[in-house]
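Given below, in the form of structure tokens, are the structures.
Across the two complexes that follow, chain A remains constant while its partner is chain B and subsequently chain C.
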Partner chain A sequence: MAASGLSAEVDVGQVVLPGDVLLLPAAPNADGERLRLGPSSAPRGRLLCGPGLRRCAAGLLVTKCGLLRHRPPAGAGTGGGAYWVDSQQKRYVPVKGDPIIGIVTAKAGDIFKVDVGGSEQASLSYLAFEGATKRNRPNVQVGDLVYGQFIVANKDMEPEMVCIDSSGRANGMGIIGHEGLLFKVSLGLIRKLLAPNCEIIQELGQLYPFEIVLGMNGRIWDPREVISTPQDWIHQQSGLLHLFVALSPNLGTGAFL
Partner chain B sequence: MGSEPEPGCALRPFAVEQGLLSRPDGSAAFVQGDTSVLAGVYGPAEVRSSRESPERAALDVLLRPKVGLPGVLERSREQMVRRACEAALLGELHPRSSVTLVLQVVSDAGSLLSCCLNAACLALLDAGLPLRSLFCGVTCALAPDGAVALDPSARQEKEARAVLTFAFESTEKRLLLSTTRGACSAKELHQCLALAQRATDTIFQFYRDSARRKFSKS
Partner chain C sequence: MAMAGEGKPRLSKNLLRMKFMQRGLDSETKKQLEEEEKKIISEEHWYLDLPELKEKESFIIEERSFMPCEDLLYGRMSFKGFNPEIEKLMIQMNSRYKKEEIEADDKMEADVSDEEMARRYESLVGTIGKKFLKKRDRHELQDEDEDENSNLRPSNVKKMFLKPQD
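Moving on to the complex of A and B:
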């Protein structure tokens, strides 16, 4: 029963499990034997197979447990859009282009080794900061937090990150300070917070002004200044975390999806 | 077949709780009748260079008995669980990393190996590791008179002539693991295999229902 292919269109929004095969919606004139020429047999265009899915002979093989999502194609009917699986995860796997918060663990010659929460430490060149030259090295110490993005992140190579964008500007990236509190949350919560018009961020912002840095590797940094007594500091930091929990009625108990 | 299932071929009630441990990347507690196993998965994480493989993730399974230190029986069960997990896990997506699966026996009242396999699968699911398919374990006990009992209790296992454990994967119900303690004929083996294969429908449906419940809360 579960082995038969399920139509991808039917399943959007449903829970899918690894091993499920999703059949792609067939082209109107799908005919295995003959190739018809003419505008009606034009190929459907590219379908993006996102996280949690892999191409297989029959269609798309689900590899993670989660909710199946679909984004319709942006252009006018070109391409089949994108399918992916929204899954819950705590462990981060580096992906190219993701903005992340890393902790510098070692300085090895010209590069820094940064812990990003994945299976390997990422490397960060000292020249990858805004305004850094061989003479003007950035002041990065072991234990500093850096906010950057991956330029190389695949399963075969050591991940590399930079703290500048493609035009050489920092754009908010770089060393993000020595004080403050770093939270580790699930990856799904970060994705929810980074979504446009996130309710939690808006409601928190109405309560009091704040500025936080979100890393796609499940880390949130809150740069609160240390106030008079340690008890106040602890209360304020844990208050922010409790606010996250309290203002998220839709997230459910403990499921920081 | 439209006939009633034989009384011995009913599985004990299941229960699962996922994500109950805060430190591992994935965890699951699986309860089958009175047998209960807690599984925790860490991965993909850093690997020692001696275990590193350039092609796939290095999978380690540790089975801790309820009392005492792990012995030879635990080591052999660890290898069996490891082989079943390796068949299902897409280790090629995480080369040069390690996946560690720790199984803790909370209570053993029969069918321990299949409970370990089920807990392992659900923990891997909870951790978000890429899997080719799901897998599950089913134990059969062959009584001296030839009667087959699925998911036997400790007493049934003790009185049985042979205890067989099978692991199946979910897409085409193919056999991943088969281990037997005791003696049985080839015909009896095939009979147990067929019964166990049919029982996997219930278990995979249970996985699906628990996944639905988990995602309906958020």
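Moving on to the complex of A and C:
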């Protein structure tokens, strides 16, 4: 349903609600009731309609509430830019191609059942590891953490994940260990930490030597568990926490709640 | 071989369609053959006798993942040498991702120049080619090289089996 009585242009960065229809600049024939997308040149090439948006007859239909984001087209003529809705949520919904951290919960014949934080457990075949053959099975136990990506993830089927890429190489995916600390955070924080210009991670990296694995399902893994003294751990963890809090104005309020 | 003088023996279409014959073809030829086969509509194939409906060309792609929208970095990170393999991987994955946008063709510095390469290849082809010649041809080649001053034997006379006269 079109928002009645609103004849405003929605600039990128404003709140949109589900049900809003966003008109594309190339379609000027519209009533004043509907919202228009911000001023941008007529899209040449493909326009990417990201999460939170759906294609509809008139333009783009918003399906999640949040802030509207836009990325202008990079380069000349390649693609037409992207629009998406930046929303906050803690519950992960499996999406194809997302790298995630999963916990192996069961071994069932040729596949492992992996808990990824979604509504269903994902299945991971034992052949989906680098260098795995029928004779050379990977050494995966129940309770291990695996870093992989989805190859099948839709609402009709059980999600399937693999720990290799399309050419058969691991590229850092696979078993990442069964020790360490696993944190559960909101999905928005992960995206902010993985953004290309994230300062927090860079500054932390200059202070401490550490390793971290971020999964798009809201899980962060830190391999350090064996710590020399409890004081060290508390000092380091509280140091990290203080840094988070200190840098939180850049993240925006409530980003990691 | 007796057949060598006739020209390439023509193989039947069914033979060409067999799997072992198709392994040597290029992918292009394979695609062409497949397309030709699909075009042949036999009596058993049912098809709709309707005018072709053109799909409305849409330039909007729906994408459910955040990765292409926000250009997210690689998920495994290591700092200050905690895990050197991961640090190497970080550089590799992040630069590969950025390289997909920018297609830069950088020429690697060649150790050997192109001209020298061509010269070497010229002589190489001859040398390797001699290896695969039949004994008779090799013999003729040798004679041609040796008899520079004397007349060359007519080389088009092939020695064939002469039936003994009764």
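One rule holds for everything that comes next: the second predicted complex is superposed on the first by the 198 of 257 C-alpha atoms of A that agree within 3 Å, B and C clash if a C-alpha of one lies under 4 Å from a C-alpha of the other, contacts with A are read in each partner's own complex, and residues count from 1 in each chain.
Here is the rule we go by: a contact is a pair of C-beta atoms (placed from the backbone, for glycine too) under 8 Å apart; a residue touches a chain by one contact, two chains touch by 3 or more.
Predicted model, so just to flag it, every value in this text is computed and none were measured.
In the three-chain model built by superposing on chain A, chain B and chain C fit together without any clash.
When the two structures are aligned on the shared chain, A:A106 is found in touch with neither chain B nor chain C. Among chain B and chain C, the chain that touches a larger number of residues in chain A is C. Contact with chain B, but none with chain C, is seen for A:P18 once the two complexes are overlaid on the shared chain. When the two structures are aligned on the shared chain, A:A58 is found in touch with neither chain B nor chain C.
Judged by the touch definition given at the top, the superposed model places A:E120 against chain B, while chain C stays out of reach. When the shared chain is aligned, no partner comes close enough to touch A:V142: not chain B, not chain C.
By the document's definition of touching, of the two partners only chain C reaches A:G50; chain B does not.
For the pair chain B and chain C, the model built by superposing on chain A gives 11 Å as the shortest CA-CA distance. In the superposition on chain A, the residues of chain A contacting both chain B and chain C are 54.
Those residues of chain A whose C-beta lies close enough to touch chain C in the complex are 24, 43, 45-51, 53-55, 60, 69, 71, 74-75, 78, 80, 82, 84, 95-99, 147, 171-172, 176, 191, 194-196, 198, 201, 204-206, 208-216, 223. Across the complex, chain A is touched by residues 58-83, 86, 89, 93, 101-102 of chain C. By the touch criterion stated above, chain B contacts chain A in their complex at residues 19, 25-26, 43-47, 88, 90, 92-98, 125-134, 169-173, 201, 204-205, 207-208, 211-212, 214-215, 217-218.
Those residues of chain A that touch chain B in the shared complex are 1-3, 15, 17-19, 21, 52, 54, 61, 63-67, 87-91, 93, 118-120, 155-156, 188, 250-255, 257.
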